[in-house]
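Two complexes are shown next, each including chain A; its partner changes from chain B in the first to chain C in the second.
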Partner chain A sequence: MPVTPETFVALIPELVALGFLVLVLLLGVFVPRSAAVPAALAALGSLAVFGSAVVLLAAGFSGEFFGGAFVVDGFALYFKLVVSASAFFTVLAAARWSGGTGDAPEYMTLILSVVAGSILLVSMRDLFGIFLAIELATIPSYAMVAFDRSRRESSEGGMKYLITGVIASSVLLYGIVLIYGVSGSAQLSEVAQAFSEGLSPVALLGLVLLVSGFAFKVSAAPFHFWTPDAYQGAPTSAAAFLSVAPKAATFAVLLRILLEGMPEAAPAWTAVMAFIAILTMFVGNLFALRQRNVRRMLAYSSVAHSGYILAAFAALQGPALSTGVQAVMIYSAAYAVMNLGAFFVIDLVGDDGKSYNGLLKTRPGIALSMGVFMAALVGLPPLSGFFGKLYVILAGAQSGSVLVYVVVGAVVVNSVLSVPYYFGIVRNMFFEEPGGGEPGVSGSGALRFSVYALAVATALFFLVMGPLAALVSGAGLV
Partner chain B sequence: MQQVLDTLNQTIPLEGYLVVAAMMFAIGAWGALIRRNAVVVFMCVELMINAVNLTLVAFADYLPQAGGTGAGYAVIIIAIAAAEVAVGLAIVLAVFRSRRTVNVDEINIMKG
Partner chain C sequence: MTQTLGGQLILTAIPAIPALVFVVLALFGRYLRENAQYVAIFGMVFSLVFSVTALGLVISGGGEPISFAVPWIDLGEGGAFPMGIYIDGLAAVMLVVVSFVSLMVQLYSGAFMEGDPRFAWYYAVLNLFTASMLGLVVAPNFIQLYVFWELVGLCSYLLIGHWFEKRSARDAAQKAFIVTRVGDAALFVGIIIFWAQTGTTSFDGISQAAQAGFIGGSLFTAAVVLVFVGAIGKSAQFPLHVWLPDAMEGPTPVSALIHAATMVAAGVYLVARTYDIFVQSPTAMLTVAYIGGFTALMAATMALVKKDIKRVIAYSTVSQLGYMMLALGIGAFSAGMFHLYNHAFFKALLFLGAGSIIYAMNSYNLTEMGGLRHRMPLTFWTMVVAGLSLAGIFPLAGFWSKDAIVASAFEDHFYVLFGMALLTVFLTAFYIFRAIFMAFTGEPRTEAAREAEDPPGIMTLPMVVLALLAVASGWVGIPESFGLPLRDYFAEFVAPSGFAAETLSATFGVEPHGFSFGLAVVSVLVGLGGIGLAYVLYVARPALSGSLARRFSGLHAFLDKGWYFDAFYGATFVRGARALGRATNVFDRRGLDRGVGGVGRGIQGLGEFLRRLQTGGVQNYALFILLSVLVLGIVVGAVAGAAYTVLVVALIAVVTLASIAWGVRL
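And then the complex of A and B:
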């Protein structure tokens, strides 16, 4: 496998991310007390990754490199766009806060490291490469969760995330090694050959361990228990970013493993995904209903939304295959804009539900933005969340399987279940009198810009739906 | 005597490695679940990762079609495990500084 100049072209997004990572890290040595410079450089780095992925996508670049272990296709480039755009808004939102901790270069380095791991992950087609990229995205995220030294919850959340995370990593690795043992190769194409000859017990055990490991990484029930503690303890920008970017990349690579590595075993894993999806939706929504802390509520809401995306995985059979893949892609982008925005509002207002009382009178812009995010998370048309759920339901309807119809029914029931806790905040903002709860902070201009930009993106998502649908239908795996 | 030497000279079958590794993994997982000291939990996780590595090396050595590539992966996995523990011990240290304990049962201010 010769390394040609084309290989370097394929690696441009990753190389750009790593270059800016090193630059930002070294900046901490030479410009120690500055917060603005590392943040500006990290934002520039995210934009550069975004731009290079756009150029590769526009040029129609695709191909396999390193003996088929690294692949560039429309599917991978689409998720690189989602990850780098989320990173850009996260860097803007975290700029002033990270300056206050005195460790801005380190925090920005961790963000860029998660970006590098996530964009590498979506291009991997080799099981060990996938594990390496997952760890490159996960290990810095432990440190991001534990970053806020002024709050005791932060290190506690980091430790709970870390202990469960490393156990899940070793379970995932055991699954990968068993699949490697059965097929004699870690390349997905050769794994597919081994799986086409029927499932041996060892292969089935490997598949179960692999899916369990991934279920942990995307916080699917019953492996979701770290999520509320980690996201409540984490700095708000870290919780926002980790619930969106690495999660979207992990869903993407799970889709690639299942569709390219074990298409013959589809009846087995769609059934498993259906049960995990139903359980995850109900657990996320029922626990979110009980929360008083808005940050913890959004953490459970992210569990529920993982369940909605897993519902699309359950529909990956029969005629619904391509719609199911498109549903995962659309949902990831739709969820990114609304969830990042909702978390950033918490940074401005606070995580006590009472802090939102009468926000429409005191801070109308923020209140309207939060209203848009909450309505989008419920799935009201024509906001972004609606299109995600629409594609999931369309995929389920096309699948022609009774079990998937049950899953789609659960998606609808859960959307209704989620109304009270999302609209509880809207009611507080629009109908209560101001007062109660701690006063919010005005926040930096960059943070407010992110909130407004994301609110506009969430509200006007239907305008980009046409091009986006064309993009994902051309870029799908199948 | 000759019989004993013959037995010793036989190659260990692949299953032998796999069973030992599976037992190591189970012991590590059991320890990670029941031990309360965070540092001991990390040691148990190391046991789990090394059990997986043993499986990997055994597969790489015994499977003709693998061509020995698994041994290279094993080195990478050792490096990943070291990185995990480096971040892990830093977080344990941060927890210990703020509350003078690393007992995972006492670290419970967030619930629900």
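And then the complex of A and C:
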């Protein structure tokens, strides 16, 4: 496997991310007490990753490298776009905050290393490589959660996330090892061969442990319980970013493993996915119903949305295969814009539901944006969330399996179930009098810019739906 | 019929203009303040002109529908969804009705909402509301329709809750939104079933696929009924009618718009729009007819005893929508849509009249009114015209469409429905004239009633215009067999498709029939009888009504409480949901997460912190992970059929991992 110039071209996004990571880190050493420069550099880095992925995508670049362990295709590039765009907005939103703590270079470095891990992850086609990339994305995220030293919940959340995360990682690794033991190779194509010869109990156990590990990473029930603690404790920008970017990448690589590595075992894993999806949706929404703390509510909401995406996994069978893959891709992008925006508004306004009272009167721009995000999270058309759900439901309807119909039914039931808690916020903003004094809306111009930009993106998602649909239907795995 | 690019732009502008006005007002409303109304009215005039243009185009094209589309979402192998515009006679008439009523309401609102702290926001949402309804009307497929369908619901939520200082307004908004969303979910499932079976969401495509047998049997019926459940939610039909009376908490002009042209008309329009699909399922048609007939009767009884003038009119809307559904269900397509069109004008007028009373004396309560005839002559006479039209008295607009529905039920042998409809005619005439007599005749019962005055000039303009229409709008649909040298333009123009007409005559034996003078005389006499009874009870012998209410106090309460529907839903669904919420809350706070709150308090150093963690939640979490792996193993094993092997292996794994976890001691 010779390393050709093409190999470097394929690695450009990752190399760019790592380059900027090192730059930002060094900057912290040599130019201490500077907040604006690291943030600007990190934003530039995210944009550079985004740009390089766009160029690769536009050029139609694709291929396998390092003996097939690293792959560049439309699917991987699409998720690199999602991750880097999320990172860009996160960096903007966090610019002033991390400056305030005096640790801007470190925080930006952590964001960039999560980016590096995530974009590497979506290109991996080798189980051990996948594990390494996941850890590359996860370990900095523990630090991100625990980053806010001014709040105790932050280090508490980080600690819980770390301890449970390590256990989940070991479960995942154990699953990978068992699969490796069965197939004699960690390459997905060879794993697929081993799985095509019938399912041995060990292979099945490997599958179960693998899926369990991934379920933890995407905060699917019953492995979700770290999510509310971690997101409530984490700095808001960290919670926003972690609930979107690494999660999208993890979904992508899980899709790749299941479709490329074990297509023959589809009946088994679609059933597991259906089970997890239903459980996750209900757990997320039911627990979110009575949350007073908006941040915690959004954490449970992110659990529920993982459930919706997993519903698309359950539909990956029969004629729905292609639509199912597209559903995961569309949902990831749609969720990214609306959820990042919603978290950033929390950063501006606060996480007490009461601080949203009368926001339409005092801060109409922020209130309208939050209204758009909440309506999108419910799945109201024509906002972004609607198209995510639409794809999931279409995929389910095409699958032709009764179990998947049940899952789709659960998606519909859950979107009704989720109305009260999202619209509780809308109600506070639109239908309540402002509380005593001005609400503590603060935050930098960059943060407000992020909120408005994401609100526009969420509201006008239907305009880009056409090109986006063309992109994902051409870039699907199958 | 194809259109030039210019023509396409004009048609696209019909919903786009109010949408644009919304954006402008939402962004710059703070600076525009009360000038917002001029921006809005200016935009709406253009929408109306373009709607009339569209109507003209369809008429000049001989009724041929205008349609064009662009590709939108392409699923690759999975199919594709275009986005487009489809305007036939039905849609063109709806466009004109919606933009016209919206214009009237916006003219009226300027003075009515004067001094409102959120004046511009009110106009912004009013325009988005109108835009959504116009977009819904021109949608050629289910996906596009659903998008606007939800937007309509969202806007009604914002408008009903506009006066949020009142708690009841906030609750009503929430209720409207959640109740209609139940219907929306059903509609969506119906759409997906159609799409999964036929691969298309266009109305035409589904109808043809069903004719070709791609979808049929009970699945088809189920899908059609689910779509109808969506219409039930939006059009406030039994059993999802409970939100509409509460929606009276919104500003009165909004009620006029909701009840006349947008929102509730959407449900009826949906059934009419997809009529080619509905006629293929006799079960669904009968469901539509009987739900409609029952709702008409039920809501009319609820309106009999209400003391709040807006609620009387609100129940009247539910009842009249039931009429329209009834007509569609028995195959009287043109009659149903004709009634929707006439109803829009006289119902908008009734609400604007009620709004004038409220504007004048700041009260909804009929028992606080009385004697307003002399103080508010214009309001009185316009209300009487609207009331007569609603009661179906010859030759006002309401007569022609109501008579057509009642006659169709009789001629096509739906005698039960005919009985319901005729009884409803009586009740309708009674309750509306009860309200009018209580408000306008007799002696003023309060000081406010003594001082009431007709509203200022600009508010009366829409009322006078609508009053003229309440008299004359029906004259475009006078049956030819009536004997006048007029053509029945409406029935010619808004007719079921050839396919629908054939299917109707084949399955239901529905045939065109001439005007029946006998039935018309009966229905008018029944209506006059209702008015007469109201006169006796509330003008000639007012004491009698009070003693009747006392004697039948149980029945009175039953009607007044709306047959106890709200109490029933409150006791079942609402309480159930609350209990579920409480249960999860307890689990979240005291179950798994017990460590969280405890840890947050009073921890000094990291050592202490770790110690607390060890005894707190994290160990539970770790155990929980392992347990969950086990559960998943069972699921996989059950699926793969290797249950026992996997179970044993999984158990071993769990024990191993647990001991590792224990050994680490966290």
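Please note the rule applied: the second predicted complex is superposed on the first by the 473 of 478 C-alpha atoms of A that agree within 3 Å, B and C clash if a C-alpha of one lies under 4 Å from a C-alpha of the other, contacts with A are read in each partner's own complex, and residues count from 1 in each chain.
One rule holds for everything that comes next: a contact is a pair of C-beta atoms (placed from the backbone, for glycine too) under 8 Å apart; a residue touches a chain by one contact, two chains touch by 3 or more.
Nothing here was measured: the structure is a model prediction, and the numbers come from that model.
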* Asked: Of the two partner chains, chain B (first) and chain C (second), which one does A:Tyr142 touch, if any: first, second, both, or neither?
  -> first
* Once the shared chain is lined up, is A:Leu18 touching chain B (first), chain C (second), both, or neither of them? -> neither
* Asked: So, A:Phe386: does it touch chain B (first), chain C (second), both, or neither?
  -> second
* Is A:Ala40 contacted by the first partner chain B, the second partner chain C, both or neither? -> neither
* To do: Have a look at where A:Gly466 lands relative to chain B and chain C in the superposition and call it first, second, both or neither.
  => second
* Comparing the two partners chain B and chain C, which touches a greater set of residues in chain A -> C
* Touching A:Ser415, do we find chain B (first), chain C (second), both, or neither? -> second
* To do: With the two complexes superposed on chain A, say which partner A:Pro228 touches: chain B (first), chain C (second), both, or neither.
  => both
* To do: Could you tell me if A:Val55 is touching chain B, chain C, both of them or neither one (first, second, both, neither)?
  => neither
* Asked: After lining up the shared chain so the two structures overlap, which partner does A:Ala266 touch, if you call chain B first and chain C second: first, second, both or neither?
  -> neither
* Set of chain A residues, in rising order, touched by both chain B and chain C -> 152-153, 155-156, 159-160, 163, 167, 170-171, 174, 228-229, 287, 290-291
* Under the touch definition given earlier, write down the residues of chain C that touch chain A in their complex. => 26, 29-30, 71-78, 117-118, 121, 143, 146-148, 150-151, 154, 157-158, 161, 164-165, 169-170, 173-174, 177-178, 181-182, 185, 188-189, 192-193, 195-196, 577, 580-582, 584-585, 587-588, 592-593, 596, 599-600, 603, 606, 609-610, 613, 617-618, 621-622, 624-625, 627-629, 631-633, 635-637, 639-640, 642, 645-646, 649-650, 653, 657, 660-661, 666
* What does chain B use to touch chain A in their complex? -> 25, 28-29, 32, 38, 41-42, 45, 48-49, 51-52, 55-56, 59, 63-66, 69-70, 73, 76-77, 80, 83-84, 87-88, 90-92, 94-95, 98-99, 104, 107-110, 112
* To do: In the complex, go through chain A and note every residue touching chain B.
  => 128, 131-132, 135, 139-140, 142-143, 146, 149, 152-153, 155-160, 162-163, 166-167, 169-171, 173-174, 177-178, 180-181, 184-186, 228-229, 232-233, 287, 290-291, 296
* Note which residues of chain A are touching chain C in the complex, please. => 152-153, 155-156, 159-160, 163-164, 167-168, 170-171, 174, 199, 201-202, 204-205, 207-209, 211-212, 215-216, 222-223, 225-226, 228-229, 267-269, 271-272, 275-276, 286-287, 289-291, 319-320, 322-323, 326, 360-361, 364, 368, 375, 380-382, 386-387, 390, 393-395, 397-398, 408-409, 412-413, 415-416, 419-420, 423, 427, 430-433, 462, 465-466, 469-470, 473-474, 476
